[in-house]
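A single structure is presented below for examination.
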Amino acid sequence: MQNFPAGLSKAEIDRVRNELQTKTARLTSPELEEILYKPFPVLDHGFIRVTDYMGTDASIVQAARVSYGVGTKKVQEDQSLINYLMRHQHTTPFEMCEIKLHIKLPIFVARHWLRHRTASVNEYSARYSILSGEFYLPEISQLAQQSETNKQGKSSREFNRADADEVVNILEKFCEDARESYSHMLNDLSLARELARIVLPVAVYTEMYWKIDLHNLMHFLKLRSSPNAQYEIRCYANIILEILKKWLPFTYEAFVNYKQDAVFVSKKSADLIKRMLRGEKIVWEESGLSKGEWQEFKTTFELKD
Amino acid sequence: MQNFPAGLSKAEIDRVRNELQTKTARLTSPELEEILYKPFPVLDHGFIRVTDYMGTDASIVQAARVSYGVGTKKVQEDQSLINYLMRHQHTTPFEMCEIKLHIKLPIFVARHWLRHRTASVNEYSARYSILSGEFYLPEISQLAQQSETNKQGKSSREFNRADADEVVNILEKFCEDARESYSHMLNDLSLARELARIVLPVAVYTEMYWKIDLHNLMHFLKLRSSPNAQYEIRCYANIILEILKKWLPFTYEAFVNYKQDAVFVSKKSADLIKRMLRGEKIVWEESGLSKGEWQEFKTTFELKD
Amino acid sequence: MQNFPAGLSKAEIDRVRNELQTKTARLTSPELEEILYKPFPVLDHGFIRVTDYMGTDASIVQAARVSYGVGTKKVQEDQSLINYLMRHQHTTPFEMCEIKLHIKLPIFVARHWLRHRTASVNEYSARYSILSGEFYLPEISQLAQQSETNKQGKSSREFNRADADEVVNILEKFCEDARESYSHMLNDLSLARELARIVLPVAVYTEMYWKIDLHNLMHFLKLRSSPNAQYEIRCYANIILEILKKWLPFTYEAFVNYKQDAVFVSKKSADLIKRMLRGEKIVWEESGLSKGEWQEFKTTFELKD
Amino acid sequence: MQNFPAGLSKAEIDRVRNELQTKTARLTSPELEEILYKPFPVLDHGFIRVTDYMGTDASIVQAARVSYGVGTKKVQEDQSLINYLMRHQHTTPFEMCEIKLHIKLPIFVARHWLRHRTASVNEYSARYSILSGEFYLPEISQLAQQSETNKQGKSSREFNRADADEVVNILEKFCEDARESYSHMLNDLSLARELARIVLPVAVYTEMYWKIDLHNLMHFLKLRSSPNAQYEIRCYANIILEILKKWLPFTYEAFVNYKQDAVFVSKKSADLIKRMLRGEKIVWEESGLSKGEWQEFKTTFELKD
């Protein structure tokens, strides 16, 4: 039986890829085939690799034509149909594609990730197996940047270079301790795996197979590639965006325009836009928006005071 | 862009299959490739054909090994691992495979079908397109058989050959009328499609693309291939069972033994079995089971009175 | 055991409502309690009634405060928090409320309805029970209006009053025939219920209990109260909107502003708005939009040529 | 607006319970009302409390009667209908009930918990809020017991009392270090919350609101109250079982008999039982079962060698 173990070297992956080469009559994405099974590095020890997929841009078109009967129209280009579907939030045809990824990631990232429920997952189990003991250690530049934005109105004190060095030292030492305690309790004291692992910090790396349909994948990407998402999961989302671009070029373009960078405008804000486009000057007091919303509105449409 | 229209002749299907042939490094099921896109007839006008799939028996094994760490054990045969997973209801690895079917079926069958919610569907829309006007007409042998079992305690009157003939006449005439009314309201009176279709009986055929993961497919097959399911949907389920056998031979065997023909035994019934296996004679009054459950118990284990 | 049968008279409903009155420490919506169990008529024979619910606006606030830690902020009004959640598409707190409806509706409406998969349903079964034989008959005014909009580029012929009369005659006669055939095959010929029902047109009424969480309910309402939805399901959606208003007044208001009447603006369109708000004049040729999208853009923001 | 903050004293809970008391015409479970909002302690720092619910045993009966038309039968007792539904795996009526729990639990337990995807969750966010710094510390008796069963074929060395003491020391010291590092990085170094928390071990407690329907709850309970589940999550499952018993007494009884303690018998094993009940003696070599399955079979039915 064919099988594909994780953790192979580049040469081995090429060998296995060659061995697996076979004929299919299924729709095939040539660019995605190029990178099948090849790991893309993420963060310090993580990776993402595509291990399987189903469907192409053509599968979406095909499903839509059954459903919306658009096949009855004579000349309807595939790309503009995909744009149309995305623009009007006809989501079911996008469910017809699937992708399966093998991902290595820290537990705190996995915890955000698995909040997306409409997906299939098999994760490495620390009840049955011994974790590698690799931990995520943020880069120094990240420490400052995230501390700036994730302060949530706390102290006004600046996070400086000396702080960063100390944090790195703490994290390094701490993870070293965790690794040792884990190993000692397992090997010297014969403690159950399921208990020994409770000392492991959420920075420890785990692995999973994750399978999701395209509609739900795009929802994941919209949320997790957003500037509001935590930096670490954004790194993963950005790699998947690159993968999406290779896999489904038309869908990728439509996604960027109609979903990722699209703007959701409330009824009240849309009414303001209409009035402003007719030449009205509007100040906050007359806008009917809350202070926060008015600020968001101005930022979104690059309005000056 | 590659595409694959429905309703092709056998020769055309062969031609398209050939055109689509390409290389892939994905796991491939040779037997399923043989029948890809080819329609299997069901009932009088229906069909099922596989239009895409993802994964093989090996994909299940691979996912399980990440998750349950069973890869750490040296010699664990793939087939016995699949048996083990099925026996112990470890369902997530089976979600790693997907299949996409193109199905033509009467609306009353589709209504049962779509009660299975964890699947993706694009159905032909009678709001936007004109339905074919093909109707399901049961065979005479079926009329009697189903009337025997689906009486639900009604009249004891036998359904006879003359009845069957009359029913067939009624159904034929009725469907002819529906077809004419539909067509007349659409074409001569320019009534909206979405309204004209409300005269169509639930015997009318519709089409859909249906994509589902293997775990949910097996649940569907368990319920819809059971003798309790209505005959018409059972015909479809039986075809899909044949497809499953080609696609995933190990999983198919495990499914039959551990799911389709398996027996769910309540705690109380299991206790009865234990006592009987120790040589006790048990009569209903001492069994602790309701009359109906006792009857089911005896039937299941072929006990005499 | 308490129970609540369908199809009661107004007086009986009041009696049962009184009998059921009891104390609870659960969060309670006073306005929704007023209408509990009372049917709202829809179309010619349909209805909707609330048979149970869980949660109030306060439940959403409570869940959000655990999750987003916004409880740490001192003065955050409940209503503005609900607005904030809706505006930023933080959907999980809205899943904390549930509503259960008892609905009587034609099968073709139920078919659209049940495409919403994240809900629980028990529908009347025509395999086991005999359908009432009530059919939906559209009003004459509707026939013309829908035929105008659901033509899908077909004939330019006007649908006139004489056509409408003929359609109504056809539908009436047809449904009468269906009712008679159904009844004759069941009662005189002892045909199985599951087969006799295949003559019933999709205009026949069925009943169901439908339970859904608030997040998915709002998605349903967004799609099914839209002018693009078929008139008949819109009638149901509009009743549910009234129910929502009584149940969760803050959520209802936020829904209307941020979801139902909100506008989804693509990146390209948002860029156009920015430029126009700075005073640029833009014509289609420079817009980068397709013809159809440009038209939609102008309509949305009420731009003149 | 009514609201119910977490972390109240017993007296405060009683006061809030009294304040919230109001009338409802919804179906109400008197025994569950008694414990509403009251926390049940689990492990060293955890708890479970019911914060809302919808439906009673009667809601299940009501939904089933619409669907399976069993209402047509005159005398069908509610309890035996619930037994019937559970025995025949008619699961949809059980979806008509919902429960919402507030749970405090260690992260490694939450990770197992949230693998159950068909539920709604709002979890305390360590990106936005500061974690309490309470850690789970297993009892000494547990250390030995779990190490016995979760060894997975590892060393044959016995886990002894001295080992246990050492493990407890390590865990205590380790958690103290984690708490200090976390606090130091947050407060003294102004590190972002989302980064400071990565040192926290998976033994740290978190909180969540968890809402689930009864069908999915029973699936959760079946898996997580099983001896194969890790001890810590079993403690939570056992409390929920007590809650279920108060909430839905008929369903609880049916659950124990037909689900929790029921036995899944493969086709092959069922055939063996039939033969043995007819008096045949069967040895493994003739059984057609694998060695492992034969062993399980003998254990299940208490067969001697």
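So that you can tell them apart, the chains are marked A, B, C and D in the order they are listed, and the count of residues begins at 1 in each.
Rule of thumb we're sticking to: a contact is a pair of C-beta atoms (placed from the backbone, for glycine too) under 8 Å apart; a residue touches a chain by one contact, two chains touch by 3 or more.
All values derive from a computational prediction rather than experimental measurement.
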* Structure fact -> More Cb-Cb contact pairs, comparing A-C against C-D, go to C-D
* To do: Tell me whether chain A and chain B, two copies of the same sequence, contact each other through the same residue numbers or different ones, using over half shared as the line for same.
  => same
* Structure fact -> Chain centres from averaged Cα atoms put chain B and chain C apart, in whole Å, by 30
* Structure fact -> Chain centres from averaged Cα atoms put chain C and chain D apart, in whole Å, by 35
* **Rounded Å distance, chain A centre to chain C centre (Cα mean)** => 32
* Asked: Which chain A residues touch at least two other chains?
  -> 69, 72, 121, 128, 152
* Asked: chain B touches which residues of chain C in the complex?
  -> 106-108, 111, 114-115, 117-118, 121, 126-128, 136, 138, 142-143, 146-152, 154-155, 157-159, 163, 166-167, 170-171, 174-175, 177-178, 181, 184-185, 189-195, 197-203, 230
* Structure fact -> Seen from chain A, its contact residues with chain C in the complex are 69, 72-73, 80, 83-84, 87, 89, 152, 256-258, 260-268, 270, 273-274, 276-278, 290, 292-293, 300-303
* chain A to chain B touching residues, read off their complex -> 1-6, 17, 20-28, 33, 36-37, 51-59, 61-64, 66-72, 78, 92-93, 95-96, 98, 100, 120-125, 128-129, 207-209, 211, 213
